[in-house]
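Both complexes below contain subunit A, partnered by subunit B and then by subunit C.
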Partner chain A sequence: MVFSRLVEIGRVALINEGPDRGKLCVIVDVVDQRKALVDGPCSGVARQAIGFGKLYLLDFKIRIPHSARRKTIVKAYEKMDIGKKWEQSAWAKKLVAKAKKASITDFERFKVKCLKQQRARVLNKKFKELKKAQAVQS
Partner chain B sequence: MKAKGDLKEYKVVGRRYPSKMVPSPPCFRMRIFAPDYVAAKSRFWYFMSKLKKLKKTNGEVVSCEEVPDARPTKVKNIGIWLRYDSRSGTHNMYREYRDLTVAGAVTQCYRDMGARHRARASSIQIMKVEVVPVDKCRRPHVKQFHNSKIRFPLPHRVLKSHFKSDFVAKRPNTFF
Partner chain C sequence: MAHASRNHLLAGGVPRYSRSAMYRRKALYKRKKVKVDPKQKKSVHFKVKPVKGDKNGEKRVVPTKKTRRSYPTEDNPRRIHSRKVVRPQKLRASLAPGCVLILLAGSHMGKRVVFLKQLPSGQLLVTGPFCVNGVPLRRVNQAYVIATKTKIDISEVQLPEALGDGYFKRKAQPKKSSGGESEIFQDSEQKYSVSEQRKEDQKKVDSQLVPLIKTTPHMRQYLRSKFTLRKGQYPHMMVF
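Our next item is the complex of A and B:
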């Protein structure tokens, strides 16, 4: 099992718990075995210590010296265009879809149900045709 | 004292009540780590009576101010000299912690002493707290983080989301 997502200076992480939930941040320094000093000037995260349990490490990494200042982080972050890369990633898209699903109204839920039924009808019709054709063949 | 929650650093200044003989007695300042200003003042008198011939009935607290950390976003190596009572005697100790604030490190120290030595907060006296430069650090568990290219994985991640249900069909994934 090769670990590709490591805790290191410059590793981009997703905050999973707390008031900054769902925001990206950059690991700026390691405090100890359980906490990292984290900063997210481009995503509205204040410079603070967050436990590793509240972070999801991502595949992105920026080049910054340890304990870099916000200005340096912003420059490196924008140079590598992390924000855009994250938004285009499958993980981010799934989060957006999940959030949308959780926020839809009852009418929209009804519409989704109808659309699902329509799709099921089309699929089942085709499936039955194929089954019939196979039965006829054999 | 009960080391409740996160301790704060207080600068407590007190003196003997002025008298006709000594109209302007000298002030004594102490750096106290306590959960609130009430406990800070109490701790001040606790140490005062041990160190000087001065107790609460004979003196007054001139000021008790919280000292916020000068750089709460900078990781520091903090050395704490303390004295504690064990079940069979009293001992001195030097302990090191890594934290963003000095008060945070002292809180860690109290928790650590309770865990490792079963020492209650009332039997611990913090003698000296200092931010230690990297070359003067002594403890390996602090020195291991003195690496500008530090990198390590988070193996066998047990996440809170694993415990949403008591019974699941598959064992949870711990490799992220």
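Our next item is the complex of A and C:
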């Protein structure tokens, strides 16, 4: 099993814990075995040391020298259009869907339930037809 | 209105202002003592009352204020007057007329109803509407209710004037006369029957609400359904 997402200078990561939860940041330098220096000028994350445990590594990487200044990071980030790529990724879309699901009102929940039932009815009907057809064949 | 004390105590129980300073502060030089007219001051302690009967002497000297018949053996402490004030119950911010509520207790537990208005007693006036889910015009305490974010615009709805706390208050059952046999054969409780007045008022309100409900798709089915918790649903994590 080969790891494809490595901790390296320029690796884009998703912060999973703390006040910056859900924001993207870039690994700028490694402090020690447990912490990285991280910065996210384009996503509102202050330059700070963060434990690796709080990060999810993403598939994106930008070319920056170690301990790069914010200006450099912004340039490289925008050149590769990381923000847009992230939003289009399946991972980001799933997060958005999850947040939406958690915030639906009681009425919306009811409507979702009705729609699910409708869909189930359609599926079951078709499934039974196919099953019947198969039984007839054999 | 009396002013609060213009003096105060410093640490050690020493008053901040002296007697003369207080004289100045209270502007007692401006206040003149009103002299009481000595004629008015006289209070009459005894009265002379005429007495009937030949041999009773024609009059008695009687005190105007009688002394107490008995004095208590113990000094009871003075009762402290409660400073509690009865205020109208505050309506939760999430509650507004037209809001859909979920009833959490009572015979209509779990049903979704329309909130009409808050009554003077603080309770909420709600209705199903009755023709939608069987909840009549009813009072409900806001503590036993979840307010959802769903609203129906009921600004045009006119509620009957009679709908107040007195309208809904339970009628005290007449006390039965203490007769042995009749009590045994009578029903212990008189069954409640809906008055014609209530049916009329319900119809008036329903007829206004139902068209409003029909404007929103699925709203009628929503009000007909009951609220239940499923696996993985945690009320503190849910948005209503």
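The working rule: the second predicted complex is superposed on the first by the 138 of 138 C-alpha atoms of A that agree within 3 Å, B and C clash if a C-alpha of one lies under 4 Å from a C-alpha of the other, contacts with A are read in each partner's own complex, and residues count from 1 in each chain.
Note that a contact is a pair of C-beta atoms (placed from the backbone, for glycine too) under 8 Å apart; a residue touches a chain by one contact, two chains touch by 3 or more.
Being a predicted model, the structure only gives us computed values, none of them experimental.
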item: Room on subunit A for both subunit B and subunit C (clash or fit); value: fit
item: Partner chain in contact with A:103 - subunit B first, subunit C second, else both or neither; value: second
item: Partner chain in contact with A:122 - subunit B first, subunit C second, else both or neither; value: neither
item: Comparing the two partners subunit B and subunit C, which touches a greater set of residues in subunit A; value: B
item: First (subunit B), second (subunit C), both or neither touched by A:32; value: first
item: First, second, both or neither for A:5, with subunit B first and subunit C second; value: first
item: First, second, both or neither for A:47, with subunit B first and subunit C second; value: first
item: First, second, both or neither for A:133, with subunit B first and subunit C second; value: neither
item: Partner chain(s) touched by A:112 [first = subunit B, second = subunit C, both, neither]; value: neither
item: After fitting on chain A: smallest Cα gap, subunit B-subunit C, Å; value: 13
item: Common interface positions of subunit A, toward subunit B and toward subunit C; value: none
item: Interfacial residue positions of subunit B with respect to subunit A in the complex; value: 73-75, 97-100, 145, 148-155, 159-160, 175-176
item: Contacting residues of subunit A [partner subunit C, same complex]; value: 102-107, 110-111, 114
item: Subunit A to subunit B touching residues, read off their complex; value: 1, 3, 5-9, 17, 29-32, 37, 47-49, 52-53, 56-57, 65-67
item: Residues on subunit C engaged by subunit A in the complex (per definition of touch); value: 100, 102, 112, 148-150, 218-219, 221-222, 225, 227, 237-240
